[in-house]
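The same subunit A turns up in both complexes below, where it pairs with subunit B and then with subunit C.
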Partner chain A sequence: MSNAQKRLLKEFKKYSNPNNKLSESIISLTPINDNNLFDWIAIINPIETIYKKGFYKLSIKLSNTYPLTPPIIKFITNESQIDRDEQITYQIPHCNIDFKTGEICLDILKIDNWSPIWTLEYSILAIIYLLNNQEPNSPLNIDFANLIKLNDKLAINSIINYYIK
Partner chain B sequence: MPTYEEEHGLNSTNNNTEGERPNRLTVQQALNNFINTPTDSRNNLSNSINNSINGINNVDFNLLNQMMNSMNTILVDKSNTNNGVSNEFIDRLERVNVKQLKNDDTCPICTNEYKDDSYPLVVELPCNSKHRFDLECIVPWLKINKTCPLCRIDVTIKKELPVLVDSEEEDEDWEMYG
Partner chain C sequence: MNFNSNINEVSDPSDWDNCKLPSLSNLDSLLRCQICKDFLNAPVLTNCGHVFCSICIRRTISNSNKCPLCLEETYESSLRKVLILDNIVKWFNNNRNDLLKNLSIDLVNDSQNDSSSDISVISELNGNGNVNVNGNEGKKEKEEVQDNLVECPICGVFMTPDEIQGKHIDQCLKNPNGSTNRNTKRTTSRSFFKNSSSSDESTTPKNTKKRQINIQLQPNSIKKKQRIPNLDTSISTNKLKEKLNYYKLPINGKRNELEQRMKEFINLYNANLDSINPVSDISLISKLKKWESLINNNIHSQNNNNIHSDTNSNNSSANSSPPITFDEETIRRHQNEHKSWNKKNKNHYEDLIKIARMNMQKQKNKQLINNEDNNNNNKHHIDDDELSDIDTELIT
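Right after this comes the complex of A and B.
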C-alpha cells in the first residue's frame, strides 16, 4: 500500500466514524466507491455563507503523490441527467469559480502553496471559506466579479438564489 | 601596351576560368562519390529510417501515454529539485529521542502515531522544536520544498552559521589541548 493510500484510508476511517463530527457545512465526504480511494465526492451546505440555501457537490481527485501534492477539487456542474440529484444545485455563481467547469481558483490548492499537513476536510473548509471571501481581482467568473466589486448585495443574492433548487 | 587586367593588378580572365574548373570538378566528384558509394551502406541508412518510422506506427497508445506520463513526472521532478534542500541538510536534521515522544504524538503528514513504529525515526525542523515529523514523511517534502509544512518558514535560512561556529570552536579546543 502506498503512502498516499495509507493516508487516504486513515482519512476515510476518520470521516466515516460517527463519533467524529465533520463541520456542519460538510454533509458528506466519501470516496465514490470503496475500491478507489483516489476519487471522492463531497456534498456541502455552506450554512454560514451567502450560499446557505444551496447544497453543492464537489469532486475530489487525488494522485499517488498525495499529500505532497494537493487534491484537485472542482464543483460538479455537468452531472449527467441520470446521476442528477434534485437536492443538488449544479450552478454556482462565484467570482473565483468557473461557472461552466466548476474549476476553483484557490491559492492553497495550488502546488506552490499547498502543505502536506492539510487534509481533505481542511481543503473543503477552505473552499467554504472562499465562498464568503470572494477575490474579485483574480476572477474566473468576470461578470460576477463585477457585481462583487460594485458590492451590489441584492443582485448577488438574487443570482445565487435564482440557481438554488 | 598593358592590358586592362594588368593595369588594375587583376588576374587574366583565362586564369579565372581555370580557377572555376576545379570547383566544378569537386562538386562533380562529390556527386560521383555519393552515387558510387556501396549500395549496402546507403540501404542501411534508408532501412534504419524506415524502421524508426514503422516503430512509431506500431507503438500502441497505452505505451505512448505511459511515456508521456513518465516524461511529465520527470519534468515535474526536475523543475522541483531546484526548490528543495540538499541531502546534507537532511542528514543534519535534529533527531528526536524516543523518550521525548508522548504516546499520542502523531506525525502531521501521515497522521500516524510515532509510537506505532517500535523504532520511530523522528526529526525536528530548525524553525521550531515542536515541528516534528517522521523522517520518512518529511524527506520527500523537503526534496521539493524548503518550507516547514506547519509554519511555512524557509528551513534552510537559520542553523547554517551556528553549526560552522561550533565546529571552529571544537577545532580550537583541540589545538589548545594538543
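Right after this comes the complex of A and C.
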C-alpha cells in the first residue's frame, strides 16, 4: 500500500465513523466505488451561504503523491442525462467557479499554497467558505463577477435561485 | 483492490471512543504526524516548534520550504531529531492494543458513554492536532512516561527519562572513573538490556512493569554516518549516475527518474538517521524500489485505463515492470498485434469500404444525373482505382 493509499484509507475510516460528525454542510464524502481510493464524490448543501437551497455534487480526484500535492476538486456540471439526480443542481453561478466546467479557482488548492496537513474534509469546507466569500478580482465567471462588483444583491440572489432545482 | 478489507488495519484516534477513557483519543492524535496521520516515525522538530515524521517533512520540504502547520520558512538543515518522543510513541504504539483491550467496555454500556465520547470527537475535530490538552490529559501522559523508569546507561540508577536527560547524565559523564571506560560500559549495559527485555517478553508477556530499553541512544554505527547533502539538480547525468552507483542504486531510466530516485533515497537515508531504531542501507534500498514501483504502477494503470482500454488487457501484467523501454521485442510485439488486429477485423474493414464505395457511387450518380456528361464516366473509373488503393493500405 502506498503512502497516499494509507493516508486516504485513514481519512475514509474517519469519515465513515458514525461518531464522527462531518460539518452539517457536507451531506456525504465517499470514494466512488470500493476499488478506487483515488476518486471521491462529495455532496454538499451549503447552509449559511447564499446557495443554501441547493445541493451540489463535487468530484475529487487524487494522485499517488497526495498529500504532498493537492486534490483536484471540481463542481460536477456535465453529468450525463442518465446519471442525473433530480435533487442535485448541476449549474452554479459563482465568480470563482467556471460555469461550464465547474473548475474552482481557490488558492489553497493550488500546489504552491497547499499544505499536506489538510484533509479532504478541510478542502471541501474551504470551498464552502469560498461560496460566501467571492473574489471578483480573479474571476472564472466574468459576468457574475461584474454583478458582485456592483453588489446587486437582488440580481445575484435571483440568478442563483433560478438555477437551483 | 478492495479497500474495505484493509479498513481495520489502519488505526485512528476514534478507536478510543468506546472505551473507558475516551479522552485517550486526544493523546492518540497528539502522537500522530499531521502529514501522514500515522504515529510519528523518527520525529523531528522544526525551527517553529512543530514535530513531524522525519520522512514526511523531508518530502514536503523538497517540494516547498514551508512548515505545513504555520507556513513559516523551514529548511532541511534545521530539522532536529527528538529521540525521547520516538521512545514515547513506540511505547504507546506497542501497548496500544493491550490498552484498548483492557479499557474496552461491554456494548451494553455504550449508551452511557455516548456523551463523553462525543466531546472527545468534537475537540479532536476542532483542533485536529492543536487539541487543547486539559489538566487531566497532561497528567495522564506524564504518568505513562513515569511508568517507564529507565536505568542511567552509565551509573545504573533508575529514574525518569527527563531526569537522565537533564542534569544527571552530565554529572555521570564528568565522573573521572566513568569517563575512561564509558564506551565499553555503555555497550555492555545496552546489550544486557536487550537480552533482559527480550526474555521478559517471551516468558512473561503480561508483566506490565517490565523494564524497557528506553535509553535515548541510537546505535553507535549510526553516529559515524553523515547526512547526504541535498541533491544539486544542475549536475550532469553522468555525475548523477556516479552518485547513484556509489549508494548501490539502479541507474536505469530517464534523467528525471534518476533525479527522483536520488532525492527519495536522500530523504529515506537522512530520515533513517533520525530514528531510534535505524534500519540497514539494504532495507532502505528495497524500500526505495517498492516506492518507485508503486509510483510507476499508478502511472501505468492510469495510462492503460485511458488509452488501451480493451486491446492491451492481455499485456497489462507484462507492462507493470517499472522501466519503460521500447526495445526490439516490444516493437515486434506491437507490429504483430497490428497484424492480428487487421486480420481479425478484415471483414469489418471490407464492409466499411463497400459502404464507402456505395456512397461515393451514389454521389457520382447524382452528379451524373445533374450534368449528364460522358466525361464524368472516365473520372468515375479513376476514383474507383483510388479506392482500391486505400483498400490495400488499410489491410496491410
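Quick note on the criterion: the second predicted complex is superposed on the first by the 165 of 165 C-alpha atoms of A that agree within 3 Å, B and C clash if a C-alpha of one lies under 4 Å from a C-alpha of the other, contacts with A are read in each partner's own complex, and residues count from 1 in each chain.
What we mean here is this: a contact is a pair of C-beta atoms (placed from the backbone, for glycine too) under 8 Å apart; a residue touches a chain by one contact, two chains touch by 3 or more.
All values derive from a computational prediction rather than experimental measurement.
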*Side-by-side fit of subunit B and subunit C on subunit A, or clash*: clash
*Tell me which partner A:N35 touches in the superposition: subunit B (first), subunit C (second), both or neither.*
second
_After superposing on the shared chain, does subunit C or subunit B touch more subunit A residues?_
C
*Is A:P116 contacted by the first partner subunit B, the second partner subunit C, both or neither?*
both
_Partner chain(s) touched by A:R84 [first = subunit B, second = subunit C, both, neither]_ = neither
*asked:* Touch test for A:K13: subunit B only (first), subunit C only (second), both, or neither?
replied: second
*Name the contact category of A:K61: first (subunit B only), second (subunit C only), both, or neither.*
neither
*asked:* Once chain A of both complexes is superposed, is A:K21 in touch with subunit B (first), subunit C (second), both, or neither?
replied: second
*When the two structures are overlaid on chain A, which partner does A:K153 contact: first (subunit B), second (subunit C), both, or neither?*
neither
*Would you sort A:M1 into first (subunit B), second (subunit C), both or neither based on which partner it touches?*
second
*Would you mind checking which of 61-69, 187-195, 205-213 or 241-249 on subunit C runs into subunit B after superposing?*
61-69
*Mind sorting out which residues of subunit A both subunit B and subunit C touch, each in its own complex?*
3, 6-7, 10-11, 67-68, 115-117, 119
*Okay, in this complex, where on subunit B does subunit A touch?*
108-112, 137, 140-141, 144, 147, 149-150, 152
_For the subunit C and subunit A complex, residues of the former touching the latter_ = 1-4, 6-7, 9-10, 12, 14, 17, 34-38, 56, 59-60, 63-64, 66, 68-69, 71, 117-118, 121, 125, 128-129, 291, 294-295, 298
*Using the touch definition up top, name the residues of subunit A that touch subunit C in the complex.*
1-3, 5-7, 9-14, 16-17, 19-21, 31, 34-35, 37, 63-64, 67-68, 111-112, 115-117, 119
*Footprint of subunit B on subunit A - complex, ascending*: 3, 6-7, 10-11, 67-68, 115-117, 119
